Amino acid sequence: MKIIVINGPNLNMLGARDHHQYGTESLENLESELKRNFEDVDFVFVQSNLEGEIINFIQGASDNYDALIINPAGYSHTSVAIRDSLEICKIPKIEVHLSNISDREDFRSKSITASKTNGYISGFKKYSYFAAVYLAKILIANK
Amino acid sequence: MKIIVINGPNLNMLGARDHHQYGTESLENLESELKRNFEDVDFVFVQSNLEGEIINFIQGASDNYDALIINPAGYSHTSVAIRDSLEICKIPKIEVHLSNISDREDFRSKSITASKTNGYISGFKKYSYFAAVYLAKILIANK
Amino acid sequence: MKIIVINGPNLNMLGARDHHQYGTESLENLESELKRNFEDVDFVFVQSNLEGEIINFIQGASDNYDALIINPAGYSHTSVAIRDSLEICKIPKIEVHLSNISDREDFRSKSITASKTNGYISGFKKYSYFAAVYLAKILIANK
Amino acid sequence: MKIIVINGPNLNMLGARDHHQYGTESLENLESELKRNFEDVDFVFVQSNLEGEIINFIQGASDNYDALIINPAGYSHTSVAIRDSLEICKIPKIEVHLSNISDREDFRSKSITASKTNGYISGFKKYSYFAAVYLAKILIANK
Amino acid sequence: MKIIVINGPNLNMLGARDHHQYGTESLENLESELKRNFEDVDFVFVQSNLEGEIINFIQGASDNYDALIINPAGYSHTSVAIRDSLEICKIPKIEVHLSNISDREDFRSKSITASKTNGYISGFKKYSYFAAVYLAKILIANK
Amino acid sequence: MKIIVINGPNLNMLGARDHHQYGTESLENLESELKRNFEDVDFVFVQSNLEGEIINFIQGASDNYDALIINPAGYSHTSVAIRDSLEICKIPKIEVHLSNISDREDFRSKSITASKTNGYISGFKKYSYFAAVYLAKILIANK
Amino acid sequence: MKIIVINGPNLNMLGARDHHQYGTESLENLESELKRNFEDVDFVFVQSNLEGEIINFIQGASDNYDALIINPAGYSHTSVAIRDSLEICKIPKIEVHLSNISDREDFRSKSITASKTNGYISGFKKYSYFAAVYLAKILIANK
Amino acid sequence: MKIIVINGPNLNMLGARDHHQYGTESLENLESELKRNFEDVDFVFVQSNLEGEIINFIQGASDNYDALIINPAGYSHTSVAIRDSLEICKIPKIEVHLSNISDREDFRSKSITASKTNGYISGFKKYSYFAAVYLAKILIANK
Amino acid sequence: MKIIVINGPNLNMLGARDHHQYGTESLENLESELKRNFEDVDFVFVQSNLEGEIINFIQGASDNYDALIINPAGYSHTSVAIRDSLEICKIPKIEVHLSNISDREDFRSKSITASKTNGYISGFKKYSYFAAVYLAKILIANK
Amino acid sequence: MKIIVINGPNLNMLGARDHHQYGTESLENLESELKRNFEDVDFVFVQSNLEGEIINFIQGASDNYDALIINPAGYSHTSVAIRDSLEICKIPKIEVHLSNISDREDFRSKSITASKTNGYISGFKKYSYFAAVYLAKILIANK
Amino acid sequence: MKIIVINGPNLNMLGARDHHQYGTESLENLESELKRNFEDVDFVFVQSNLEGEIINFIQGASDNYDALIINPAGYSHTSVAIRDSLEICKIPKIEVHLSNISDREDFRSKSITASKTNGYISGFKKYSYFAAVYLAKILIANK
Amino acid sequence: MKIIVINGPNLNMLGARDHHQYGTESLENLESELKRNFEDVDFVFVQSNLEGEIINFIQGASDNYDALIINPAGYSHTSVAIRDSLEICKIPKIEVHLSNISDREDFRSKSITASKTNGYISGFKKYSYFAAVYLAKILIANK
């Protein structure tokens, strides 16, 4: 079972961000924990600060992975282009947010990219990713 | 481990609702499946169509349960009163939605109650509840 | 032919309300007049000030009545939950308003519940109900 | 009893419009059915695609008819001028819509002309007109 | 002199709420203090989390009390139905808020229920109620 | 000195409109009074309920009159097309309103046609037209 | 016949302002021309940059003048306080603007003060004042 | 191949309008050029300032022409009625604008009529029409 | 105990304002009544129509008074500057309104100055001031 | 004659997108067809998912091509940066959209980039590009 | 080189304001530091809480100073009148803010006065003034 | 003292842009002038049209520079992602704009990135950068 985890802008700086919103973990630790907790999953982790590269990752996912997990971070709220690329992608797709986006600035309260995924999870810090993998496995099994 | 699952208005009619948005399961089946999949959890399931009764359930939860899972349904988008009762409640709280609320009518795109939970999950039909229990167990373990 | 007439909050006080908007009739008189004018109809009249009880009435209507007439009153403009329960209900449904809601405060100009009925009638005081019964009979006959 | 029925733009094409919203009837059939069902009413039917001609019809109605039924169609949502002419007209006035305007595009959800009629009926396809005549007769009798 | 004090949702949890906004008092203490400070007043205290029950209390007040004091809490900002019931009630009516609603979240800045009371008091924690009783006595005396 | 006075929809019904807003005069009387008070002016008075006919009048004005006075009535607030025709017209142009449009419904508070005239006058009932002629004469003299 | 002409902020700099919008005249010249053209009027001219002083002028006008002409300039669009003082003042009141406020920045398109005058005139540069005096004389004569 | 070209309000004044937005051509020249450049097309050119006449033209087009080209001008931004008539019309339909409507006043930035055509072309002055004919021929050929 | 009562624009005209909103009392009478009813309080009453003078009063209050009562009148809805001066002032601060601002024009429904006081009282005519003094005494006693 | 055709995000996936909106063609086919139909044009085709690379293409176009055709896709609705780069570019510029953007989601109804091109074409699927080339040739010839 | 520094409402209380937003300095210290750091500049410092006095200062500046530095404080966000006076003033004009207005309440995020200055500086506490003087000297030198 | 100056999209074209808004200088000249005027500063200049590359520059700045100066250009108004990267960066940060963004199109009036810098400077053309360096030096010295 192959799952690609796409992390958007500034998530490479995870450990250095506001702990109250994002938790204390670095991105590397988060990735290690996912591997350790889901040993039956073959993960590929990618991160980019570039909107277009994220689109490239999504476009390439359909043929190579069983599911896609994405944290579009700051692009969740503005990127019609990422939304369009998710709409084209036909494998199970799950959006995650570390922080609870319904409890932050107004401009973060709506994700325009989430509408073109199966669903989304927000607010459980690193465990948002855990739940995403948990759900991805179910979605793959039920395809 | 005791978890209360609070379902809001019209969820007692689950099997009769739009299958594309809500899946085909009845509420009873959903509850049975949760019990079967999480045998270590002691579930209490309640449902009400009354905003105030839901508030009563939330107010009573802190002293009697380890975590609270809530699907406020139509009240998610309008109820300041439920939001206030969630704010007072101090155990782990998770909001779930069967449908992907970011992909429906505009008035459903924002949950005002979710902002006073730990986080929320939307779009995975019955599996939104599965993921909520999965996360509730982690949150309880990490308290 | 069985028709349920559901009246929402404050309609039990009908005779005491602003006569210019609501007419001079009490709710009891209105109900008597309906019975007298439509002797072939078997009416059940219910009224509640509780949003959730109104949902209960709607949920119970499908199996027991040929048509449903509802005046959601103050809940017309705010209740996503009543809207959802109307969407599930599959018998002919007609919304009525005593006053002309397009000629009052801005927050009354749009009914979010009406969109999930067959149609609605607004502004004819007690005769809005007369027309609703008149139409309900046609809708039942044409099912 | 003389009633004028004023139909606005594109209603002359009724049979050719979206059947889901407007029903399958042509305007001619609709008019015939009204005559057949209300034999005690002396109907005059007029239709125009021109906003100003509709105003002319309304201005001429007070002296010549006992009641006015109007479907302003596309002008319902934009015409301050028709609204003003309805305000001046002192006979019973009823607005009708074939489709349920609360369940369509946002720009159709509010009728600015309806506020200057006695009331309005929306969503019952050709039966909206039936109910309008039914109510007009009551309003005339109660003048 | 009989005064009914109606407390809305979550006020039964008063002592457990945010002290900065609501003060430290429990609802019971608040009620005791009111009795002790206004010995000439015959108080009836009711509280409910249900919008419709609050409407029931208001509807019953006209015939049984000299004045009504209400804290609609979370319903202040959304309930057209409570607003309508207050409009019908003809005894002196005063709305109170413990916190200063003009200094909190945007959705709390406007009370739609207050517009149908004589006036409202906001921000003085338990003393908002004191001032309400002080004013109720004046209003009763000046009737 | 030739001046065309263009009156828009419903102004032919002037005497029958709300006296508080529009005064008591009929349109004929208003026209007679203007002639009597400004004997040096050669007036042409036209009125139409049709937006397009008003555009025709405006298009024809440049070559035949020294100034244009217009009361677009209900079209003031919605007609981009009249606005465009006024922009093309190169003689002095003055917009008048009988009522004070800044003190009425919100949708009347802004005239989109006035922006393409030299200026406008609002609120002086029939004397708005007097002032318009007074100003037209000055504008013609100063060309 | 005594008329007070109140000029608001920056009108003392009239000659130095944008000629396209305001004309080329200085305020002194404008005042002289008014006196020369209306010899039967006893004018008092005041100007202030202070909102409160303008309120003082308005409050003092009722007892001492037959009519009031005001150009609130920048305060037209923001001053609830000037609006309130105009509402109290009971003599004929006319608002003038040199420029056509419907053809400028959005924030100038609506005057909140004009709603509490008899009416207003906008866009004729210095001749707006001429027309205001012309109308004031009529209003005084018709009182 | 028969194509009807419908021009809306003020386009009969084309040569007299703002050259920067509309070019220097008169409507007659534009029509001649179209004929000269597309000799295989049998053109019918109509123009009207009346919204309703334009609807009449559209309603008559389906049976008599192979395609329809329309410049609704000022009605593009306000006319629900023209939009409805275009929706009914089943031949290829192309909307054109001489000026680039995305670079002008805000109220021109959206065409509500264009949504019921095959597509639209904006900004190329007279060449917008050329491209429309070029496309109409392709659409007809591909029917 | 020294309390300053600051009255904003137009309150010097109190007796002459709309009695339905403001009561019948003049400002002088109101001040006398306060003195007579609260003999233990040393009042200073100031009034100004100038926003800046009101700021001066507020800035001077901290060192000289035990509490501040303010009716900012028309400035409540627009003055960021008064809001800022209230924020700096550290003695108990109470805002009062004679009328019920939640039941008037939209632009009066929110007070931006009240957010920087302890709380506010609205709608009890002269008794709003009585309650303010009553509360000021409590706040001073509890400091 | 050299023309650069710049395609934005997700257009490399053209064949895989919603056929109803975008047609059935792949991007390669579309490019081939353009070459075959316009043999006198020397085309360069570029595509990128990266906003910044698209800006690079635009910046490089002025010196190397006679005209620029761009489909900014998802960036049309959000990219101030692409808009700025188009403003700088001085050769003929044409924006194309495959789908009719006025008939889709609200956030697609306005292109902020189109305002800095000569004009735009929307809705004709692959033929939007054909018309763009047709117009580009005219614009080049008329420079 | 003469520079006038105009400080708006509440800046005379600078030392007493929120240190996090405004720094710890008093206004006197700030002025002294400016003099000490820019010995070649002849400063005049004025402060007023009155909008109109600030306008007076601006109107007087053109003839007497080489440049104007202004902190309109609370008036930045509401004063059309100050904006108009800045537009008239023809010497170099710089607006300063101590706090970063883009990071505070929504109503502070836009300065309507800044648009009529050469430019503005926000967020550097007392050093905003330093930079303003630094820039004023450059602007004067480059006139 | 090492300062990185990050220039966003289209600033590499500086000399070719609208001189009224941006001045006449090329980016190279601007950089040379900064070096010549601040010889004690060790500058690194970078420019990119790619949002993600700008984020890369910001992420890399904390460890390598004493301060960061950024002109996000078109991304200032839309990029949540750049805003987030600035929030993480802990060295002094200053945003600059060549033009006065409060005096341009509405969509430029608010910078969402500026809120996460120390402050910003707008409107002084190349001198905005001068002032930024001047301030950066002060901020570094005061760290």
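A, B, C, D, E, F, G, H, I, J, K and L are the chain letters, set down in written order, and residue numbers restart from 1 in every chain.
Heads up, the rule we're going with is that contacts are C-beta pairs under 8 Å (C-beta built on N, C-alpha and C of every residue); 3 or more make two chains touch, one makes a residue touch a chain.
This is a predicted model, so every value here is computed, not measured.
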Where chain C and chain J overlap in contact partners, by chain label: none
Same-site or different-site touching of chain I by its copy chain K, using the half cut: different
Inter-chain centre distance, chain G versus chain I - centres from mean C-alpha coordinates, in Å: 31
Between chain E and chain D, distance of the C-alpha-averaged centres to the nearest whole Å: 47
Chain F and chain G, separation of their C-alpha mean positions in angstrom: 23
Touching two or more other chains - residues of chain I: 50-53, 78, 112
Chains that touch, pairwise: A-B, A-J, A-L, B-C, B-E, C-D, C-E, D-F, D-H, E-I, F-G, F-H, G-I, G-K, H-J, I-K, J-L, K-L
Contact set on chain G toward chain F in their complex: 100, 102-103, 109-112, 114-124, 127-128, 130-131, 134-135, 138-139
List of chain A residues in touch with chain L within their complex: 8-10, 12-13, 16-18, 48-53, 73-75, 77-78, 107-108
In the complex with chain A, residue positions of chain L that touch it: 50-53, 55-56, 59, 78-85, 87-88, 112
